[in-house]
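These notes open a run of structures that come right after.
What follows is a pair of complexes built around chain A, which joins chain B in one and chain C in the other.
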Partner chain A sequence: MNSFAEINEKLIESTIEIFTGMVMMEISVAGEQLEKLGTLKKSITGMVGLAGTHKGLLAVHFPQPVALAVTSNFLGMEVEEINDDVQDAIGEIANMLGGNLKTILSDRGKDIQLSLPSTIFGDEYAFSSQAEVDQIILTFQAAAGSFTVEVELER
Partner chain B sequence: MELEKYLVDATMEVFASMIFIDIAAEPSAGGPIPEIEPNLSSLIGLAGDLKGILAIHCPSAVALGITTAMLGMEVTELGEDAKDAIGEIVNMLAGCLKVSLAAKDKKIELAIPSTVVGKAIRTSGLSGATRVMVPFSSPLGRFGVELRFIFS
Partner chain C sequence: MAKNVLLVDDSSTMRKIISRSLRQAGLDFGEIYEAGDGQEALAMLEKESIDIVLSDINMPNMNGIEFLREKANRPGIKDIPVFMISTETGDDIIGEAKSLGAIGALKKPFTPDKVNEVLGPLM
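Let's look at the complex of A and B:
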């Protein structure tokens, strides 16, 4: 198990890698880590659970315009509203980030399993986990706007 | 596999032992899945032989009523208490499902519960997954228990 600072560092690297390699979108870390995620407005969240030696979840929260830009890039087709394609794309991004997180947490990701990804969206919502967790919330900046990646691991 | 039955059994058991509110599963007529408009949804990831996500969807009145019954004190807003209570319920439902599946030699592990509170929230899974949604009626109103899954 790596220290939390190392996990943080590797999570940033792997997020940038997925966005440059798979979504074909340049992103960079924006600002300091957040302590708390506020209410999300007109957003979509992709989430995947982690079970096994590490229990927790990874969530990625996109404001809707950013989600549309990400999906358009990822699928190579224009999308103009939050439809099934967008939900699948955002779920798949959470899944890829979760896959990388597995290998960050445990050697080659053995002993950790991912759940099915899920998406949540709405005009206004708050997202939180119900467990004693260590939390990382990172903000990334893309041309279309910023988004956050959140990791919660049970202590 | 009788996943819908497992969901109904798990929900009945948790409500009978923890919340003491009479609930009934609405019979599935084979028609379109009835939608519940939730103000609070708690979700938990499932991994292993079955990969999925289990969720409970509650309108405000149901979430507040369940929390009040569980904590034994009047809860009037969808705050930390309600998130904790409904998050705990989805955790227990997943625990019951794990036991039912283990009896069929399917091993699953649980992630941690999370809760979404908001207006007009919608949740969905991957389009390839199977979806089972069971609506329940209660004196507080209707709520839904949903499982989206694939067998890995």
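Let's look at the complex of A and C:
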């Protein structure tokens, strides 16, 4: 397994590759957040679970206006409310990031299984893990606002 | 003659993106059909005239590997080529897909240029 610094670096590369190559949106890394995320307000979260040699999850948290901008760019059409298209697009971004994380964590992704993506959204919710985990939280900046990529891996 | 394409992916977003990438890549293709999982894809292959399938692997109900396995047992459709487009590009899973008849694989995320490079020769 790569060191956490290497995982950070590759996760940043993957996120930027997905956004510039597929979402057609320029983003930059705004930094690594050292504290846990607090309550998420008017947000949507896409996530995938990891099982096998590495257990945990990858989640990507978007404030709703940023999620709308991301989905509009991704689909090439204006989206004005959180609907099935937005949930699907945000889930797919989590799915692609999860696929890349598999490859980062283990040689060519062997022995790690990825769940199907899921999404949650609401006016106010908290996102936390009950297990002892190592955590990476990366914040990215887009023109529409910032969003966060979070990885939790069981120790 | 332009080929009819079946896109198999549980994400409607991804089906739209692949469809858009095929157009942006300037590839010559006929009709584009869509299916949300392997079961829907099998039904579509039995019903429509499809020349090539672009399929995800990680899907509910029937995933891409199960789809390849089931398709291989159906004489009327078993020879239609399938190309995998997935976040799953580990040697083990792609090796399994190829052993079941997949003719290649493209990793998500991808760019229209990559789609052109990889799928152009198949169209």
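The definition used in the following text is that the second predicted complex is superposed on the first by the 152 of 155 C-alpha atoms of A that agree within 3 Å, B and C clash if a C-alpha of one lies under 4 Å from a C-alpha of the other, contacts with A are read in each partner's own complex, and residues count from 1 in each chain.
One rule holds for everything that comes next: a contact is a pair of C-beta atoms (placed from the backbone, for glycine too) under 8 Å apart; a residue touches a chain by one contact, two chains touch by 3 or more.
Given the structure is predicted, the values throughout are model-derived calculations rather than measurements.
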{"item": "Partner chain in contact with A:S129 - chain B first, chain C second, else both or neither", "value": "first"}
{"item": "Contacts of A:N100 with chain B and chain C, given as first, second, both or neither", "value": "second"}
{"item": "Touched partner set for A:A51, first chain B, second chain C, both or neither", "value": "first"}
{"item": "Contacts of A:M22 with chain B and chain C, given as first, second, both or neither", "value": "second"}
{"item": "Touched partner set for A:G145, first chain B, second chain C, both or neither", "value": "neither"}
{"item": "First, second, both or neither for A:L114, with chain B first and chain C second", "value": "both"}
{"item": "Touching partner for A:G91 - first (chain B), second (chain C), both, neither", "value": "both"}
{"item": "Superposed model, chain A: greater residue contact from chain B or chain C", "value": "B"}
{"item": "Doubly contacted chain A residues - partners chain C and chain B", "value": "84, 88, 91-92, 114, 116"}
{"item": "Touching residues (chain side chain A, partner chain B) in the complex", "value": "39-40, 45, 47-52, 55-57, 59, 84, 87-88, 91-92, 113-131, 133, 152, 154"}
{"item": "Complex contacts: residues of chain B adjacent to chain A", "value": "41-48, 51-53, 55, 83-84, 87-88, 91, 108-127, 129, 148-150"}
{"item": "In the complex, chain A residues that touch chain C", "value": "17-18, 21-22, 71, 74-76, 84-85, 88-89, 91-92, 95-96, 98-100, 102-103, 108-110, 114, 116"}
{"item": "Chain A contact footprint on chain C (complex, rising order)", "value": "10-14, 16-17, 20, 58-60, 86-93, 107-111"}
